[in-house]
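Naming follows writing order (A, B, C and D), and every chain is counted from residue 1.
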Amino acid sequence: MVARVQAAPFDLAAELAGFGAGAGAQVTFTGIVRDDSGRMAALEIEHYPGMTEAALTAHGLEAARRFGLIDWRIVHRHGRLEVGAQIMMVATAARHRRAAFEAADYLMDWLKSRAPFWKREIGHDGSAHWVEAKASDEAALDRW
Amino acid sequence: MVARVQAAPFDLAAELAGFGAGAGAQVTFTGIVRDDSGRMAALEIEHYPGMTEAALTAHGLEAARRFGLIDWRIVHRHGRLEVGAQIMMVATAARHRRAAFEAADYLMDWLKSRAPFWKREIGHDGSAHWVEAKASDEAALDRW
Amino acid sequence: MTVDVLYFAWLRERIGQPSERVETEAATVRELVAELAARDAWHAAAFADMTAVRCAVDQELADLDAPLAGAREVAFFPPMTGG
Amino acid sequence: MTVDVLYFAWLRERIGQPSERVETEAATVRELVAELAARDAWHAAAFADMTAVRCAVDQELADLDAPLAGAREVAFFPPMTGG
């Protein structure tokens, strides 16, 4: 039942130590900086200090109620992240696999379109442009 | 692109070292021995040596084609596993989160009803009984 | 009333500052936006297309018709792209 | 022809052995099951309810009407419960 925003990398194994005791199913999602264009050097992630952790915590708790989670964890990084670096992780633990999968999927859909983070792509040539929100990310949340 | 069946525990972090280079999304599922009745001491898992790894590999490859995975990994244990121990893991890596989630979910539905493993519950009192397949596990595969 | 107005991502860049303290009698977010947009060309540019702007009142997501009564902090930013 | 027949989980326990080598002219899995069930009470008990039995021919899942021609290994087991 932990949400954190940090500049430092996270260690998935350390995050899962002692996570979800009593659960039968654990699901993790890890997002990684991907270079689709071949021109990107890094992402820069801005967030809304004060709002971010509170919003992540409130939403984790809501997902826990909704899907009957035994445990959950959200870690999201900010600042400059090179291609190949971890951006964020979500972990969910439940008695059964369906709840663990659905809760992780739901938390990701929520994070993509409702959590106060903004990404900027930094090119090898020093260029920078803000990543636009995808209509598909907004629409994904309507599934729930 | 690895499927393994083993008696020894696995280390999720070690399994993910170097996993899925170039992916934007990684999903893991870990199954854990859960005691619902309060009377269970352990699970004993039997498998079909020879068939098991071949079937897991064939199915991992099929999921990779179907969901466009960059990488996947399946590790399933056999033998006696105490309550709280890991039973198995699936990891998937794809460019986008939807494919990684769906492939992991699909592989789990398949493992639950089509992979040649059988579980026996061992009680604290030494009793043993085979876990019956659930109609819901068979039905889950029909979603795909 | 006095409200701290925060800007993120390209709104921050367009307006040229991360936050400002404003005196306003605006009753809703929409009225506050109208006042801010009238300040100068940079504010006008930031708020030119409100379909591309999202808002939070006291750190809760809110829409343009949300009331401002009692609000201490209003934030404007583009659609979020986390995860 | 000669076929190795394998049993798993409670089929193995009921029949009392993990495998046996059989000589058979059965054309399908179903015919092989009929021959095996006629052997003794243990085999009969194992194959009493075929809705609870699954089968693999040469390590591929197969149904009761699958042909046996050329098969070297036939396995019988309850519905699988992995994962």
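The criterion applied here is as follows: a residue touches a chain if its C-beta (ideal position, glycine included) is under 8 Å from a C-beta of that chain, and two chains touch if they have at least 3 such contacts.
Note that the structure is a prediction, hence the values are computed from the model and not measured.
In terms of the stated touch criterion, the partners common to chain B and chain C are A, listed by label. Distance between chain centres (mean CA atoms), chain A to chain D: 48 Å. The mean-CA centres of chain C and chain D are about 72 angstrom from one another, to the nearest whole unit. The distance from the centre of chain B to the centre of chain D, with each centre set as the mean of the Cα atoms, comes to 26 Å. Contacts with at least two other chains are made by residues 83 of chain D.
Each of the following residues of chain A touches two or more other chains: 31, 97, 108.
Remark: the chains found to touch one another pair up as A-B, A-C, B-D. Within the complex formed with chain B, the chain D residues making contact are 6, 8-10, 56, 59, 61, 75, 77-83. For chain A in complex with chain B, the residues that touch the partner chain are 11-13, 16, 20-34, 36, 84, 95, 97, 100-101, 104-105, 108. Those residues of chain A that touch chain C in the shared complex are 31, 45-48, 50-51, 54-55, 76, 87-88, 108, 111-120, 130-133, 137-138.
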